[in-house]
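Two complexes are shown next, each including subunit A; its partner changes from subunit B in the first to subunit C in the second.
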Partner chain A sequence: MSIIAGVDIGNSTTEVAIARIEDGGSPEFLSSGSTMTTGIKGTAENISGIVQVLKESMEAASINMEDLELVLLNEATPVIGDVAMETVTETVVTESSMVGHNPGSPGGEGIGVGQTTHIRDLEDSDSDDSLPDEPIIVIVPQDYDFEVAADIITRALEAGVEVKAGIVQGDDGVLIANRLPEALPFVDEVAHIEKVPLDMLAAVEVAPQGRAVQQLSNPYGIATLFSLSSEETGHVIPIAKALIGLRSAVVIRTPESDVESKQIPAGSITFMGENQNLDIELEAGADAIMDTLAKVEPLSDVQGESGTNVGGMIERVRQTMADVTEKSLEDVKIRDVLAVDCQVPQQVEGGIADEFSTETATGLAVMVDTDRLLMERVAESLSEKIDTPVELGGAEANTAILGALTTPGIDVPVAIIDGGAGSVDAAQFQKGKPVEHVHLAGAGNMVTLLIQNELGLERFEVAEQIKINPLAKVESLFHIRHEDNSVQFFDDPLDSGLFGRVVLVKDDEFIPIESDHTLDRIRTVRQEAKRRVLLRNSIRALERISPSNNIRFLNFVAIVGRFGLDFELPQMLTNELISFDIVAGVANVREGLGPTNAVATGLIINYCQQQDEAA
Partner chain B sequence: MTQEDESPERPAIHVSLAPEVDEHFFEWISFGAEEEGIPCRLEDADESGGEADDVAALAYATAKNSRFGVGVSVTSGKVAVHERHMPAAQPVIVTEVEEDYARQVCRMAGSNAARLVIGTPLRLDDKL
Partner chain C sequence: MSDEGTNQQQQAVEEMELEEVGEAELGDSSDEVVIAVAPAFGDQGKKQTMLGIPHAAILREIFAGIEEEELKPRLIRVWRSADLAFIGLDAAKLSGSGIAISIQSRGTTLIHQRDLLPLTPLELFPQAPNLDLSAYRHIGKNAAQYAKGDSPSPVPQTNDPMSRPMWQAIAAVFHIREAEFVKQEKPVELKVNFEK
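Moving on to the complex of A and B:
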């Protein structure tokens, strides 16, 4: 009879299972534990976390540390992943020629076309000859109080000046428009109003409430307002594109208006396979890139065209991987790539009111092999520290399968899906055959990167929180509406700073998201990111390990590890896999531990089986 | 098209001023609400019936009279925005009114009262 422990060091958590083993018998599990992994997986810093969780678990099983006879350590998944993103297009406005944004409350509605004219030129309304005699767009800087401005404009209108619309610096658009004898469109909150050129032909459009600008987001609409030639119309496409979906907009025609959406030379990727090499342009998009990769597989390395964006991107990733694995650059071989297209808001160069334009970007996740020496070093120092033998107890894929098989209702042939920050891992086991396993690039960190870029968030950490927590909208000082539309009331008023905001629901805490995105938009981006990375990679991984690459030949699929803990991914996977006619769900290791502890449990079962075979 | 309306039946943000407070304060508050598209109505001093020296109590009484359930009150030195479901002694926002910034502070209070009605995030620190 002996007491042994299985220890699984993951990127984020360290898990432990303790069992008693009768001679030649099956294990009796006594306790389990888990804690945050201390330091980077596979380094000496892991020891303090392991020792702590071992002690806790032994205590929970009422056994002294001295009675522990053997510790089994996981052989870590031998891959590390990294992600990068590069914009493929960019909109540059070299002459200030448009204003487009969504202020809370523009004034009036409609379209006005005229010469941009400073409001001071209307002040002198007594002498008629000094007043403009053509249609004008009035420019109102912040130092004009709205009552004063409305008064000046009213008198100008009465004196016969054709004021067609206005551009206002302060948040005064409605207040000015409400005080005029006729309804005119006013765009407000234009921060850099001094950049609006004077005496130029301009068009102002304010859409009715609940609508977006029609004329100025249509290239032909702009052409109509400014009488443009067909060649000139071609030049306004980037402007029209940047104004799509906005409530109010201004387009100003400057003499050498030079706005262009320029294509950055994105470069090409070379996939080097064991049988052939193929090139693909990054601009071709994610699907074409992934198709090319599929033709080349099995992949031995990847190169980016030097001097281009993608070249820089792949070399950066290679450098990061070289630093982490302590290998030389030439020895870092990229073993898998996942490409994902996304739409990224980018600030327009030279805009007047901090305009954003949606640009196409491509995200790449790559993965490289590491070696096993790292875990051996951890095993040695752990053994010294606790004065107990420590062994590496079998490949992670095998042990995870053994752990998952303790789930009620499961049977062989079985496949498992596991995933972390850098890679999606899958393994498949049939009686009498060796376990097949695969690691694919692109997992949790790729999802976070997509969320961060598509929502235009400054901090990775905020995107990470959005990834793992459901959303809610604070609808009143006493209730919130969760993203599933259910309403939760509170006895005490919520913080007034949360009012009207989209928040993350984290345990019992509400964290406001500092952005103007609606709840629906954030949720769509989050779910799409998970779908395009995690779901797609899970399917790709299952295909690779399935007999004849056909997922239908699998009977049972169990989700283990961090993927199983996500609040929505398991349901997304189950839904997707139902169409293949297989049982797919979250594992419930040892009938109660859920998706966790599969590897730690499997380490012990694996040990017992080996003892059996030896006997 | 002004937003003032004397009918007490019409939904509006209600505003009450302590007796010593100048009527200009109401105007400034109403500008803030008008920019957000919500009407404001000035209550008579006896209508609200709150303690004229307690800005929270006055604002609470005013909020209860409003069909939107949102009220703003000004006493010497303070402006409060209240909502009728809040505890009486705990206004949503209370701001000190300094002479030089009275106009901005009042406009901000009007804007925030309107935001409580339309359900958009409040402006708690930035200037108008």
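Moving on to the complex of A and C:
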């Protein structure tokens, strides 16, 4: 009879299982525990976390540390992943020909077309001859108070000037529009109003509340307003594109102005396969990149064109990996890449109202091999520290399968999906055959990166929280509406800082999100990011390990590790895999631990099986 | 979002007339924001904040901020206290939207909501010397957004460690003066006429 411990060091958590092994060989599990991994996985800093969780678990089982006879350490998944993102399109405005933005509160509504005219030209409306006699768009800088401006415009209207619309620098659009005898559209919060050219034909459109501009986001609409030729209409497409979905917009026709939506030469990626090398431009988009990758497989390394964005991106990842693994740069080989397209808000180059337009960006997740040496070093120092023998107890894929097989209702042939921050791992086991496993780039961190960029968040941590917690809207201090539309009431008022905010529901705590995105938008971005990275990679991984690359040949799929703890991913996966006639669900290791502790449990089972075989 | 960082004080009104039009009643329209002034605000004594900003100009900016968000301001005076928090909460309980702004004559301001405890307002602007007219405009705008159920970013505030030693004594004088006008009467509705 002996007491042994299985220890699984993951990127974020360290898990432990303690078992008593009878002479007959089968293990009796006594306790389990988990804690945050201290330091980067595979480094000496892990030791303090391991020792702590070992002590806790031993105490829970009422056993002295001295009685521990053997510690089995996982042979870590031999990959580390990293992510990077570059935008591949940009919108450039030359000669200030367009203002398209979403001020909180534009004034009035409708469309006005006229010559851009400074408000000072309307001021002396007593001398009739100096007043403009054609339709005008009035330009109001911030040093005109709203009442003064409204007064000047009203007098000009009364004197017969055809004021059709206005462009305002301050946040005064509604205030001015409310004080005029007739309803005119006013676009406000145009920060750099001095850049608006005067005496040019311009069109201002303000959509009714809840709508977006119609005329100015339609190339033919712009052509109609400015009487453009068919050739000129071709040139306004980028303008129309940039104005889609906005509530207010201005387009100014200047002789040489131009709005370009252009591709940034982001460089090309070279996939070096065992059989052939292929190049692909980053701006070709994620699908083309993934297709090229599929043609090249099996992959031996990846390189980015030097001196370009993508070159920098890939080298940066390689450098990080070299630092972590303490290998030389040349020895760090990239084994997998996942490319994902996303739409990120970017400030328009040359814009005059600090406009944003939605640009295309490509995110890359890459993965490199590490080696066994790292864990051996951890095992050695751990052994010294606790004065107990420590062994590496078998590949993570095998042990995870053994752990997952303790789930009630499961059987071989079985496949598992184990996802963490850096990679999606899958393994498949059939009786009498060795375990097949695969590691793919792109997992939790990639999802966080997509959420961060698509929502334009400054901090990665905020995106991380959005990824793992459901949302709610605080509608009053006594009730919130969850993202599934259900309402929850409270007897005691919530914190005043939460009033009206979109919050994350984390256990019993609410964390406000500082952004002006609606709950629906955040939820869509979050789910799309999970779908595009985690779901897609899970399917890709299952295809690779299943016999003849067909998912239908799998019978049971169990989700273990952190993926299983996500509040929506398991359901998304189950839903997706139902169409393949597969039993897919979250593992329930040792009938009660859920998706956690599979590897730690598997380490002990593996050890017992080996003892059996030896005996 | 562009903030009204620079001056909008072109036409800073200096004077106003406040007319009492009866007891302030419970509002029934959800598109109003109540602005409650403290007992000495506006038509008593100096008619300006400790920084010298005319009370009339402050009210006009707060009104403008609310109007820009297409809501309606309603002005009342709370007599029973000189304490900003209690004035604000009294006003919020009278407000159809449940949102109110309260201002003391020295310029200190907050945004309150009717379900809150007196000392936990939605936003508090404790350092009057650091508030300018564009800040008051923004306060009006934020209050209106809360009333709409939006979640505005709080109005940015500067924290000047020197304002305490420089202004504390003056602030105390303002507060003492404010407290002298307190009387145990119900809040009254005010009608305002800005004079140019």
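As a convention for this text, the second predicted complex is superposed on the first by the 603 of 615 C-alpha atoms of A that agree within 3 Å, B and C clash if a C-alpha of one lies under 4 Å from a C-alpha of the other, contacts with A are read in each partner's own complex, and residues count from 1 in each chain.
Just so it is clear, contacts are C-beta pairs under 8 Å (C-beta built on N, C-alpha and C of every residue); 3 or more make two chains touch, one makes a residue touch a chain.
Just so we're clear, the structure is a prediction, and the values are computed from it rather than from any experiment.
Using the superposition on subunit A, tell me whether subunit B and subunit C clash or fit.
Clash: subunit B and subunit C overlap once superposed on subunit A.
Just checking: does A:Ala322 make contact with subunit B only, subunit C only, both, or neither of them? Give me first, second, both or neither.
Neither subunit B nor subunit C is touched by A:Ala322.
Touch test for A:Phe478: subunit B only (first), subunit C only (second), both, or neither?
both
Going by the touch definition up top, name the partner, subunit B or subunit C, that contacts more of subunit A.
C
Is A:Leu392 contacted by the first partner subunit B, the second partner subunit C, both or neither?
neither
Regarding the shared-chain residue A:Asp171, is it in contact with subunit B (first), subunit C (second), both, or neither?
It touches subunit B and subunit C both.
Classify the contacts of A:Val148 with the two partner chains as first (subunit B alone), second (subunit C alone), both, or neither.
A:Val148 sits against subunit C, while subunit B stays out of touch.
Report for A:Ala191: first if it touches subunit B alone, second if subunit C alone, otherwise both or neither.
Only subunit C is touched by A:Ala191; subunit B is not.
What residues on subunit A does subunit C touch that subunit B touches too?
Residues 104-105, 146, 170-175, 178, 475-478, 493, 496-497, 499-501 of subunit A touch both subunit B and subunit C.
So in the complex, which bits of subunit B are touching subunit A?
Residues 1-3, 31, 34-37, 83, 85-87, 90, 92-93, 115-116, 119-122, 124, 128 of subunit B touch subunit A in their complex.
Tell me, which parts of subunit A touch subunit C in their complex?
Going through subunit A, the ones touching subunit C are 103-105, 142-148, 170-175, 178, 189, 191, 353-354, 475-478, 493, 495-497, 499-502, 512, 514, 516.
Please name which positions on subunit A make contact with subunit B in the complex.
For subunit A paired with subunit B, touching residues are 104-105, 146, 170-175, 178, 475-478, 493, 496-497, 499-501.
Would you pull the subunit C residues touching subunit A in the complex into a rising list?
Listed in rising order, the residues of subunit C that touch subunit A are 1-2, 4, 6-11, 64, 67-70, 98, 113, 115-117, 120-122, 137, 141, 145-146, 149-151, 153.
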